[in-house]
Each structure stands twice: as C-alpha cells, then as structure tokens.
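Across the two complexes that follow, subunit A remains constant while its partner is subunit B and subsequently subunit C.
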Partner chain A sequence: MRMVDRISRAPWIWSWFAAFLVWFATIMVTGGASTLGLSQAALTFAAFSIIVGIGQMFVITLGPGNIDLSVPATMTLAGTVALKLMDVDNAMILPGLITAILIGIAVGITNYALIKALRIPPIIATLSMSFIVQSAAIWTNRGLRIKPPSFLADFTTSTTLGVPNVSLVALVISVIAWFLLEKTIYGRWISAIGQSTPAARMAGIPVDGIRFITYVFCAVLASLAGYLLACFSGGAALNMGTEYLLMSIAVVVLGGTAVAGGDSNVPGIWGASLFMFLVVSMLNTYGLGAGFRLIMTGLIIISVIMLAGGRQPGAR
Partner chain B sequence: MRRTVSADAIRLAIPALSLAILLGAVFWLQPRAMSYIGLNLLFNLAVPIALATIAQMLIMSVNDLDLAMGTFVSFVACVTATFLSEEPFFGVLILAGAVAVYAMLGVVIHLRNLPSIVVSLGMSFVWAGLAVLLLPAPGGQAPEWVRTVMTMKPPVAPMAIVASVVIAVVAHFIVMRSSLGVLIRGVGGNQRSVERAGWSVLAARAAAYALAGVFAVLAGISLVGLTTSADANIALRYTLLSIAGVILGGGEFIGGRISPIGAVIGALTLTLAGSFLSFLRISPDWQIGAQGAILIIVLALRLLLNRLENRDKRR
Partner chain C sequence: MTFRGMLLASVAVACAAMPVSALADTSDKKIALSNNYAGNSWRQAMLTSWDKVTGEAVKAGVVAAADAFTTAENQATEQAAQIQNMILQGYDAIVLNAASPTALNGAVKEACDAGIIVVSFDGVVSEPCAWRIAVDFKEMGRSQVEYLSKKLPEGGNLLEIRGLAGVFVDDEISAGIHEGVKQFPQFKIVGSVHGDWAQDVAQKAVAGILPSLPEIAGVVTQGGDGYGAAQAIAAAKRPMPVIVMGNREDELKWWKEQKDAKNYETMSVSIAPGVSTLAFWVAQQILDGKEVKKDLVVPFLRIDQDNLEQNLAKTQAGGVANVEYTQADAIKVIEGAK
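Our next item is the complex of A and B:
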C-alpha cells in the first residue's frame, strides 16, 4: 500500500499516465495495427525533446526567472556548423561532434557572462544571445543543405533490438542527468539554489559557479540535440530548432518539475515528451486539420497542468 | 545639493536616454529621416508593438508572464481582417469573448495556483489553432474605419508618435494613478498584504488579465490597420518583443515594478533598432543578430547608469 501511495504522489506519474492514455487511444483507433510503428516513432521524436528538455530542466531548477531561450538557435547553429565541417565524410564524425559541443560551451559561457556581468534577467540575456546565434547560423548556412555522413544518417534513423538509437542516446543522457541530480552534491546544490538562493549562498554553496555550469550544461545538451536532429532529418535547416523553444519548456513543466525551481525530476521529462508527440499523432490519426490539432494540443496541455498542478504553493 | 528627483523618474530616464541616443544615431546616418514622413516611416509599426507591450506589462505587474501574446495578437488580427470587416457585430462579440477568456485565465491561474508560463503556453496553441481556422492562407481585409484611423495625418507629429503618446498617457493613468492600478501593482508587490487589507486578489488579477486582453485586442486591430490584411503568423514575434519592451522600459519580472511610459519607450526603441540597422547597411544575415546586440548594449548602458546613480546616493 505504501508503495502505491508513494507512486501516486510522484510528480512524474501524471505525464506517464497521460502519455499511456493517449498511446492507448491512438492504437485503439487503428485496431492495434500500428502499435510497434507508433511506439518507435514516439521514442524517436521524443528523444530530441528529452535531450533539450533535460538541459532546460536543470536551468529552470535554479529558481524563478531562470530559463534558456537560446536553445533553438544553439541547436540550429550546432547542426549547421557540424554538418558543414563533416561534409559527408565518415572520418570527420568525431571532430563534428566536438565542434558541436564546443559551440554549446561557447553559447553557454556567453549566456552566463551576460546574465552575471550585465545583470540582465536570464530570459532577456538568452533571448538576445539567441538572436546573435541565429544570425551566425544564417551566415554559415547560406541556404545550403549538406547531407550528414552516411554512418551518422544510418545510426540516427535505425533501431537496435527494436529500440531507436536516438532514444538510446537520450536514455544514456537521462541516466547521467538523474545521477547528477539525485546522487551528486552538484544536484543537491542546484535544488538548494532553486529553493532559496540567499540561503544557499549563506550555506557556502558556490552559487555563481553552479549557475554557470548549469547554463553551459543546458547549451551543450541543446547543441548535441541539434547535431543529432540535423543528422536524423538529413541536413540542417534554419528553422529546425523553432518548435523546441516551447517544447523544451512544456516537457519540463508537464513532467512535474516545479516552475518556481528547486524541485525537478528526470522521469517526468520522458513521460511529457512521449505525451507531446503522441497527442499530435493521435489527432492526426483522427484526421483533424492543423487548426483543430493546435487547439486540442493547447487544451490538453492546460488540462494536464490543471489536473497535476496547483500542488506547489508559491509557484509562478 | 539635495536630490529631488524621484526613483520613478530615474527609472524612466534611462530608457528615454537610450531612445534619444538611438534616434540621434539614425538622424546622423540619414538626415532625411528628420521629417514628418521620415518619422512616420521609422515608427510606423510601433503602435501595435507598444500596445502589446502594455498588455504584457499588465500581466507582468501581477508577477505572471504571457507567452501567448504573439499568437493572441495574430488571432485578433485574423478576426479583424475577417469578421470585424464583414460582420462587425459578430466581430465585436468574438473580441469581447476573447477578452473574457483572458479574464478567466487570470481567475483560473489564481484559483488553482498554476504557473502562468505553462497556461499561456497552452493558450498559445489554442490561439494559433483558431487563427489558422479563420485564415488558413494570408488574406482578409482591414475594416475601413481602422484603416482611416491608422493612416490619419495629424498636424505637427505623425500618427505613430501621437498614438504612442496617447497610449503611454492612458496606460499611465490606468496603472499608476487609478486605484485599480495601485491594487494590481500591489498584488505583484505583496499579495498577502493586499489580501489582509481586505481586497480581493482574485478580482485584481482578473482585472489585470482583462485589461491586458483589451490592450492586446487593440494591438491586433491596429496592426491590421497598418498591414491591410492578416495572416495566422503575422505577430508571432510580439511575444518576445513585448517582454523585451517591458524590460527595456525599466520594468521588472517580479514585484509589480513596472512603468507604462517606460514600456512604450521600450517598444519605440525596439522598433527603431530595426530601422537603424537597415540604415547601417548591415548584411541581412546579421540583422537579427545586431538587434540582439542593441538589446544587450542598451541594457549594459542601463546598468552603468544605475551604478553611477547608486554611487551618487551613497555619497
């Protein structure tokens, strides 16, 4: 009984429950014919939101006002530059990956430099930064669409034992993130900062250092997601990050992470990411047009937050 | 010498100064802009942005944030270009309904203690969907009277400037001078003390949201008046522009510290930044990036002036 009680109180259970419900409703319509295909597609597309969502979650955990709006631009720049560098050459995969990660680190460092040195609220600092990064991406891309190296293209689009490779990557990152968050002092520190920054500072936690690392971590995950997404979709496009701005925030909050900070969880990101993809595919299965699909998506997000939310008093 | 300038005036001085510097730079680059027509062209699109910024400011005054501003203004633009010009009665009804939805959002957010970011995120999908249903392809027609108002040529100063001043003054009186405005800002400052003083926080938040809805509706209508037709994606940039405008104008995310006049100045600065860049002949690739850089420079300037101010105070 205590086990059941504990699970029903876990903040992430709602997003998993909702994802399962939508998954079930979709396969019922198709008579179970598409079960495997739908599940694989959901895992594949959810993987990208999971990777950027985890980064965003770490930032949001830092407390009210902390958010990274440069995620889409970072994804686009990392994807474009990496593909241009690799230039369809399998031997260049590692340098490409390293370049993508270096771009993430650079964006993260600049983001935090703006926040700290100029005391700009994170939302505006990362927004201004995203304009500059997006411009850099436009400048390097110049409308060219370079194909990814064949090995990477195969890797990102195929499955291992029936599980899509990109979702395995997302799983590895999630386990690392969970370990960081739950088992290391770093994880305890970001939660402490999110609950009360002045208290954390007085307790001797290196607040600035931790916030700095977190913004860099988020940008690195975004650049990694951009790298994978560009390879998965057969080339980088300038608008490829756009939908991940709202998505990265939505999965964090639907996953049960407190918007006010200080309380986060990794499993919820998975449930919410699967849910966000499955809702769209369910509404597609029902043959609804783009307009109705958008309206339903919005109403479902609001219903989920109304059911699951309102538990944290003082949340923004 | 004793300083008699209030903190509010200083808060306003910095945005005004950055606008003046930017305007000076534009005039220096392109002296012909220093005319009635030139100013009108420079600030043409400022009116809808200023209205959307005031709307966002009202939401921010109760410590919330509206991520649906852009899609909502787009939706209103679509309603204006279709229903409001063909069947004005239904058009007005729909827009009134939209304002009611905004008030309801305030009520729901307050009662269920929901994060406004997520609720408005969800609503942004809803407004976008409704806009796509109304106008699947760009089109529609601006109502005649809206077009007339927006293209009016008042004496002395162009319409865009006159309208911005009117918006700033009206918003200033509502937010800074009326008792409702004080109540709304009080909720942002200290919700508990407003509650204990016997006011209804629920009503205040609902009023703030409804007022924001009204200003956002005006933003959508005025936008169509300028563009003559609408599109479901016409104003998506407004979400981020409106937030940036409030912050540039000296507003803050929490604590009910906002400034309507500053917000309008912030919106004008953002509009001008675009024109400034095209005068500089920067490659189109870097236009967006340079806009980000201007945002950073203005905020850095603000920090610098704040520091000087603090140093003076300490003396």
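Our next item is the complex of A and C:
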C-alpha cells in the first residue's frame, strides 16, 4: 500500500495515466490493430516535444518569470542553417550538427545578455529575440526546403528494435537531464534558485552563472530538436517551430513541474508529450469536428493539471 | 539643342511609345501593401512577386511608390493599427491581405472615408467599401474529388487534410470537398485532420490518425500539406494513395520523383501567390479612374501530369508555382467581371 500511496503522489503519474488512457481509447477503435503503428508514431513525435520540453523545464525551474519564448525561432533557424550547410552531403553531418548547436549557444547567450545586462524581463527578452532569430531564418533561405543527407533522413525516420530512433535520442537526453537535475550540484542549485533566489544568493550559489548556463542549455536543446525535426520531416520549413512554443510549456506544466519553479521532474515530460500527441490522434480518430476537438483538448488538459496539482502543498 | 532639351525630347518620345494606359495620371500615386503574415513559403513568394512587379512599375513611372508592410504577429488588431498608419502616411491605395474577414472592417472603413482605395485579396474583407479579389475556394475543393473520380472510377476511402481551423478559406475548401463527395458518392471520407497548411503539422496529424484508418485511395488537401502527408504514409509503409498536391515546390519535386520512379499520377492545385500583383494592378486601374466591380474572381493555378516538368522548372526552389500578373491581365479580369 505504501508503494501505491507513494506512486499516486508522484507529480508525474497523472500525465502517464492520462497518456495511457488516451492511447487505450484510440487503439480500441480498431480493436487493437493500430497498437504498433500508433505507439511508434506517438514515440516519434513526442520525442521532439520531450527535447524542447526538457530545456523549457530547466528554465521554468529557475523560478517565477523565467521562460524561454525563443524556442520555436531557434528550432527554425538551427534547422534551416544546418540543412543548408550540409546540402545533402553525408560527410557534412557533423559540421551541420555543430553549427546547429553553436546557433543554440549564441541564442542562449544573447537571451541572457538581454535579461541580465539590459534588465529586460525574460518573457520580453526572449520574445524579442525570437523575432530577430525568426527573421534571420527567413533571411537565410526564404523558405527553401533542402533535403537532409540520406543517412540522417534514414536515421531519424527508422526504428531500432521497433523503437523509433528519435525517441532513443530523446531518451539519452532525458537521462542526462535527470542526472543533472537529481545527482549533480547544478541541479540542486537551479531548484534552490527557483525556490528562493535571495536565499540562494545568500547561500553563496552563483545565481547569475547558473541562470546563464540554463538559458544556454535550453536554447541548445531547442536547436538540437530543430536539427532533428528538419531531418525527420524531409527539410526545414519556416513555420516548423511554431507549435513548439505552447507545446514546450504545456508538457512542462502537464508533467507536474511546478510553474512557480523550484520543483521539476523528467518522467512527467515523457508522459505529457505522449499525451499531447495521443489526445489529438484520439479526437481525430473519433472524427470529431475541429471546434469540438479544441474544446476537448482544453478540457482534458485542465483536468489533468487539476489532478496533478491536487497534491498537498508541503507534501514535497 | 541643350542637354535638357534632349532629355525632354527623349522623355516625350518614350511617353509616346508607351501604351496610353500606362501613361495614367497614377504616376504620382502611392500604393501600400498591408500583409498579415510572412512565415511560410507561399507568403514569401507573394512578397517576392510584389517586389518584382511593383518595382518595375515604379521604375516605369506607372505609380510613385508601392511599399510592402507585414505585421509581425498575424493579429487583426496589429493590422488595423498598420492600416491607420498608412492612412496617416497618405497612401492613395491600400492592397490588403487581411488577418480576418471582419475584424479589420473598422480600419478599412476609416481608410475609405479618407478617400483611400482598398483592394483586398486572398484574405478578403467584408467591408462593402473595399474591393475583393477572391478565389473560388469551393470549386478548388470540388475539382479535387472530380479529378479523383476520373483517376479512380471505382472510388474508395479518402483522407481529408484541412487547413487552419477557424479560417474562412479552410471552411470553404472543405465545403467544396464535401460537395464533391456528394456528387461522386463512390468516395467516402474516412478521416479528417488539420494540417494548418504546413508540411510538418500535416505529417504529425496524418501519422497520428493513419494507424486507425482502413486502406486509403486518395488524399484531398488544401496545399502545403501534401508532402507531409506523403512522408507520414511512407513512414507507415502503406501503399501510396493519390495525394492531391498544392503547388509547393517540395510537393512538385516529390511528385516528379515518384513519377519517374513508378509512374505516380496526381494533380496539383492552389492559388498563385502572384495574386498580390493582380491586386496591385487592379488598385492601379481604380486609381486611374476605371470603373471596377467590387467582387472579382481570380482563377486558381492547376498543374497536371503533362505540364508538371514545365511548372517545376519555373518554380523557385522552396517556393510555390507562381504566375505574376500584368496590367493587361488585370484589365481582362476587370472586363470579365462586368
């Protein structure tokens, strides 16, 4: 019983529970025939939300007001520039990847420079940054869709032992993120900053340095997701990041991470990302109209958040 | 003869050589383009066409200026403010691709009251004082099913990919598709997803619904979503249905590859982004004093199996198959509406 009790109090359990329920309801439409196809599709598409969601989670954990709205633009710029550089050449895969990551680092540094040096609130700083980055993406290639190198295209669209490769990448990143968060001093520090910045400062935590690293980390994950997504969908498009703005925030909140900061968890991101993909698939499969579909999506998200947020304050 | 005299004489000769309509009294008029969105390949092509055609028109002295402005956030309120700025800046005509068919009516009315000609296209506005250059979106949807009925006489299951929920264009094309299905009852729509006219969104939505669908004979689309659908269907290792394309370069390129590899057949239909240039010439004609009906219809651009290569060659990489309109085209459209 203590085990059940402990699990039901884990903040991430609700997103997993919801994801499973929706998954089950969807495969029942075909009497289970769609199990493999749906699971693989869900894992594939959830992978991108997981990667950007983890970055956003680190930033949100820093406490109230911390958010990165430049995620979609960073994804687009990294995807377009990297694919243009690789130009269908398998030998250029590594330089392309490095370029994507460098773009992430540059965006992250500029983001934090705006926040710190110019004292602009993160929500404004990252939003204005996203305009600049998006314009840079438009300017670099005007929506030109260059195919990814064949090796990358195959890698991102195929599976290993039935598991999509992109979700394996997401798994590796998640394990690293979990390790950083739970097992290193860095993870303790960002939680401490999120719970009380003044207290953290007095305790001698290098607050500015940690915030700086976290914003860069988030932007790098966004650029990595953009790189993978561009390869997966057969080329970068100017609007490819758009839906990941709300998505990156939604999976963090649904996953049971405290919006006020200071408390985060990695497994919840997985449950929430799978859920966000599956809920759309379910409502599409049931053939509901768009208006109803959006209302249902909203209602389901609200109920999951209510359940997940139902834990006692102080039970932390 | 002095240098100035020579110059004047050559100008006079040049003027005499020009067709009369180009020598309009619009040479001191300023036209502005108010555009609500620039973040996809169609809009990029639209803006490029505008720059190209109006740039030449300004150089030729047909109009004094033709400046393009795009709002950052795709919001009606922002675009309304933009239009108010244009009124203050003293433009003589505003060519408008609107974020909303109704929400800009107030600003459009203000412009009309200030004596400014407003010509809306693609995203048209319902304000009666403005001109509308609309596409027969319903027919665009219906013609897809008609094509499929010839291609697949025995009929079959269709997957419908819609656009952005809540947008007028999406409702119109979808209504046309459903009309077509009624007309050709051998087809049945077994699934419908929203692809937001974007390849990656369409790919995601199709991948999610595909496992629970029976075999699909055809995919009806709205443009910008065919390549994503093809990617999703290929990834699920299903037989490739007839996917109606939407004139995007990536879609046409994919079609060409499939055509060469296994004689894949389909068609492609969309509006040419160059419709912005038609709107420009219509605005110029109205400024010139021409009587123009408030509602004009522009034909859509269709690509078939036999003219695929020709259209693909003309389409800019990353762009959309395009037609740029001339002043003569505009006059023809105006005459045709009378």
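We take it that the second predicted complex is superposed on the first by the 309 of 316 C-alpha atoms of A that agree within 3 Å, B and C clash if a C-alpha of one lies under 4 Å from a C-alpha of the other, contacts with A are read in each partner's own complex, and residues count from 1 in each chain.
We take it that contacts are C-beta pairs under 8 Å (C-beta built on N, C-alpha and C of every residue); 3 or more make two chains touch, one makes a residue touch a chain.
Keep in mind that what you see is a predicted model, and the values were worked out from it rather than measured.
The superposition on subunit A brings subunit B into a clash with subunit C. In the superposed pair of complexes, A:138 makes contact with subunit B and with subunit C alike.
Residue contacts after overlaying the shared chain place A:290 against subunit B and subunit C alike. Applying the stated contact rule after C-alpha superposition, one finds that A:253 touches subunit B and leaves subunit C untouched. By the touch criterion defined above, A:240 reaches subunit C but does not reach subunit B. Of the two partner chains, subunit B is the only one that A:123 touches; subunit C does not reach it. Shared-chain residue A:267: touches no atom of subunit B or subunit C. In the superposition on chain A, the residues of subunit A touched by subunit B in one structure and by subunit C in the other are 131, 134, 138, 290-291, 293-294. Every residue of subunit A that touches subunit C in the complex is listed here, in rising order: 26-27, 29-30, 33-38, 41-42, 44-45, 131, 134, 138, 141-146, 157, 229, 233-235, 237-240, 242-243, 277-278, 280-281, 284-285, 287, 290-291, 293-294.
Within the complex, the subunit A residues that touch subunit B are 64-65, 69, 114, 118-121, 123-125, 127-136, 138-139, 246, 249-250, 253-254, 259-260, 289-302, 305-306, 309-310, 312-313, 315-316.
Listing the residues of subunit B that touch subunit A in their complex gives 63-65, 67, 108, 112-119, 121-133, 136, 240, 243-244, 247, 252-254, 283, 285-293, 295-296, 299-300, 303.
Considering their complex, residues 38-41, 44, 48, 72, 162, 165-166, 191-194, 196, 198-201, 203-205, 207-212, 227-228, 231, 235-236, 249-250, 317-319 of subunit C touch subunit A.
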